[in-house]
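Mind having a look at this structure? Questions to follow.
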C-alpha cells in the first residue's frame, strides 16, 4: 500500500474518531449533524403538496447530494477502521466494524436509495415507503446526541421497574377494556364492536387523551369509565415517573461531571461518546 | 393408603409448593402462566367476529383443554395440601386450604364452565357473562406476578393516605358537579339532566380526559368548569402521587434485596411468594 | 337556674365538646356525620326525576327530620357553650361562640329552611337555590373530617408558593388566550368571539382537558396551541405539585404522631380537632 | 443647570430606584402595577362586543390616560438615570440606560400608540394588531413580579436539562407524526394531509389534550396512537418535572431568605430586584 494513501487513511480515521479529529473532525461532525436535520426537514416538508410541487427538482437534487455525502462518510469510516487496534485485518476487521449498531444505521440510511435506483425488487409501494425509511436517518444523530444516549441509558438502567409498571398497566387495560366491552357492546355495538377495539378507547381514557370518538353511554359504563380514568392517572403516570426520575439522575450526573473539570468540558463529553461507540 | 400414592402426593405437593418444586415445578409454573395468558388472549380475540367465526371450533376446544388443565391443577393442589404441616386432616385441612383467597380464585376460574355444562340455573344471559367471568382467570396470575403482588402491598401500605385523598376527591366531585348542575341544567336540561349525570362529566373534567360529550355553555358554567379543571389536576393527581411513591419504594426495596444476594435471586423471590400465599 | 337544668347543660356541653363526650359523644358524632352524608346523597338523588317523583313525600319528610336534628344540635351547642371558661356570659358568651366559623356553617345549614317556611322574601328562584344551599351542609363535616382539615392546613401552609404559581398560570392564560384570539378570530369569529371566550378554551388546553368544542384551525393558531399545550403541562402542574407535596408532608406528620402513641390514637386526633375548632 | 431642577431629578431618580423610593416610591410602584393590570383587563374586555360598544369612549379615554402615565414614567426614568454612578453622561449614559431590556419594554408599551397617532406607515391591519401589542404592557410587570422573575431564573438555571428534554420530545414528535402520517394518510387523506398537519395531532395526543378533531381510524394507526399516548405521558412530563423541581427549589430559597431576616423582608426583596434590573 502506498505511503500517501496510508497517511490519508490515518487522517480520515482521526477525523471520524471521537476526541482525535481536531478542528477538521469538529467541523465534519457539525456538517453531518446539520445534513441529517436538513434531510429530516426535507422529508417532512415534502409531504406538504404546496411546498413539494414547485420545488420537486430541488428536493430530488438534495436527496442525491445527501446520499452522496452519507455514502462517502460510510465508506470512509469502514475503509479507515483498520487503523484502530481492535479492527485490524483488511476484511475481517472491517466486517466486525461494519456490524456495530451505529454502522448498520449508517448503511440503512443509504441502502434504500441504491435499491430503488437499481430497481431490483422495487414496486410503487416500496417507493412510497422509501420516504418513511429516509426518516431513519434521524438515528444517525444517536452518534452525536446526548439526549438519545441519555434515554438509551435510562431505559437500560430502569428496565426492571419499567417492565413491572408496563405489565401492571397492561393488566389494567385488559381488565377495564373487557368489562367496558361487556357493558357497552349491548347498547353501542358499532362503537364497542370487540375487546381490541375497546382497548383503543381504553388507552385514550387511561392516558387521559379522551379523543371523544368513543365513550360509554350507559350508567354502569360511565361508572366503570370514571373508575378507570381515576386509576389511569395513577397507573399510567408510573412509567412516566420512573423515566423522569432516571432522566433527572442521569443528566445531574452528566452535568456534575462536566462541572468538576470546567477546563476540559469537551474532553469528558467525547470520552463518554467513545465509550458508547466502541 | 398405598405407599405409591403417598409418594405421588408428596411429589405433587412439591411441584406446586413454592421453592421446593425443582425443575418440574419451574416448568409447571411457566406452563400454567402461559396458559392463563393464552386464555385471556383467546377471550379478547373471540370478541372480534372476523377472528372468532372461522375458528369457533378451535376456540371451544381450547376452552375445554384449559378447563381440564386448571381442574387437574386445582384438584392436585387440594389433594396434596395435607402434606403441609399446617393443613393436616383429610377433610378439615383441605377445606381450610381451599378457603385461602388464591384457591378460591382457582375454583372460580373453572366453576362457571361446569355450571354451564350441567345447565343448572343457566340462561342465555349467564352464558354471555361466562365469557367475562373467564377473564377472572387473570387473577390466577397473582400467584406468579410480582407486579400484582407489589400493587397489593402498596395499596395495603398506603391505605390511610389513599382513603384521605379519595375522600377529598369525592367531596370535590360532589360539590363541583352539584354547582355545575344547578348552573347548566337550566340551559342544557338534556345533557345535565341530574347531579349523578353531571358527575360523569365531572370525572371526565377532573381527570382531564374531557370526552367532549358534555360541556358547559354558559359563562358561569365555563368559569366553574375552568376552576374545576385546575383543581382537578391538583386533587386527582394525589392518589397517583401516593401510589407512585409507594410503588417506587416497594420496587426499590425488592430490587435491593435481590442485589444483596445475587447468587440466590430466585430463592428471595420464592420466599416472598410463600409469605404472600400463606 | 335550676340545678337539674344546670346538670343537663353540663352533660350536653360534654357530649359536643371534643375529647370529653365519652361513649354518648362518640355516638352523637357518628350519628350527625351519617346524617350529613345522607342529606347530601338525598340532594343528589332528588335531582334524578325517576328517583325523586315516586318518593317525593319521603324526601320531604327526611328533610324535615334532618332540619329538626340539626336545629336541636345547633341550639344545644349554643345553649351549653357557656360551660366553657372562654364563653361565660349568658348572651355575650353565646354570641361570641355563635360567631365562630363552624357555628355559622351550622346556622347556614338550617336557616334557609326556616326562611322558606316563613315565606319572607321567598320566590320560586329562591326555592330552587334552596336545594343547592342544602349541599353546604357538607361543610358541617369539616368538624369531623381529617381530609378537609388537612387540606385547609396545606392551603394555609403553602399559601405563598401557591399564589406565585397561580399568578404565573394566570399570566400564561391571559397571554396565550389573547394571542390565540387575535389569530383565530379572523377565521372562526363565532367560536373565538372574544378574549374571555378564548380563555375558556385556553383553560381546557392548558389543563389538557381538551373538550373539543373549540380548537384552532389556522396553521399559526395550531402552532400557538401546540406551544401552549406543552407549556400548560409544565405550568398547570405546579399548583398540583405544591399541593401534593404539602399533603404528603401533612399526612406523614399526622400518621407519624399517631404511631408514636398507639394507645391514645383517639386522644391525638381529638386534640388536633380542638385546636382547629377553637 | 438650575439647582431646583437638579433636586427634582434626584428625587425622581429615588422614586424609581429600587430600595430608595421611600413611601412615595412605594405608592408609585403600586400605582403603575395596578395601571398595567387595568390596561390588560381593558384590552381583554374590549374584545367582548356587548361590553365594548356601550363604553367605547371610556375605553379610548382610559387608553390615552394610560399612555400619558407610561410616557411620563418612561421620560422620568430616562431623564433621571444620569443620577446613577454607572450612567453618567447626558446622552451616552441615558442611551446606555435606555437600551436595558426593561426600558425597551417600557418604550414598546407606548411607542405603537404614537406611531398610530402620527399615522406614519399605518394601515387597518396595523391598527388591529395594536390592541394585541398593548398586551405586551404585561411585560412591564416583570419589574415588580416575583413570579416572572422566578421563572426567568428557573429557565436560565435549568437550561441544559430543558434543552435535552425538549430535543428528545421533538424527536418523539417527528418520528411518531411521520409514522402516523404514512399509516393514516391513505385512509383519511383530508385529515392527515401532510406531516406538519399530523404533528398538530401529535402534540394534542402527546400532551394528552386530545381535541378530537383528528384521530386514527386504522388498526395500526390506533396502535401507534396508543403507544404514542403512553410515551407522551412520560416524555412530555419531563420538561414539566424539570420546571417544577426548579421552581420549588427557587421559591424555597427565596422564602427561606426572607424568613432569616423577618424585620427587613422588604429589603431582601428589593435587593433581589436591583440585581435583576442592573
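Per-chain numbering from 1; labels A, B, C and D assigned in written order.
Operating definition for what follows: a residue touches a chain if its C-beta (ideal position, glycine included) is under 8 Å from a C-beta of that chain, and two chains touch if they have at least 3 such contacts.
Please read these numbers as outputs of a predicted model, since none were measured by experiment.
Engineer: State the chain with the largest centre-to-centre distance from subunit C, centres being mean CA positions.
Structural biologist: The most distant chain relative to subunit C turns out to be A.
Engineer: Does the subunit B and subunit C pair touch with the same residues on each side or with different residues, judged by whether over half of the numbers are shared?
Structural biologist: Counting which numbers both chains contribute, under half are shared, so the two copies meet through different residues.
Engineer: What whole-number Å value describes the gap between the mean CA coordinates of subunit B and subunit D?
Structural biologist: Roughly 49 Å separates the two chain centres.
Engineer: Taking the mean of the CA coordinates per chain, how far is subunit A from subunit B in Å?
Structural biologist: Taking the average C-alpha coordinate of subunit A and of subunit B, the gap between them is 35 Å.
Engineer: If you look at subunit D, which of its residues touch at least two other chains?
Structural biologist: Those would be 196, 204, 208-210, 212, 237.
Engineer: Which positions of subunit B touch subunit A when the two form their complex?
Structural biologist: 40, 43-45, 47-49, 128-129, 131-132, 135, 138, 141, 145-148, 150-151, 169, 196, 199-200, 203-204, 207-213, 236-237, 239-240, 243-244, 247-248, 251, 255
Engineer: Can you list the residues on subunit B that touch subunit C in the complex?
Structural biologist: 160-161, 164-165, 167-168, 171, 174-175, 178-179, 181-182, 185, 193-197, 204-205, 208-210, 212, 215, 219, 222, 225-226, 229-230, 232-235, 237-238, 241-242, 245
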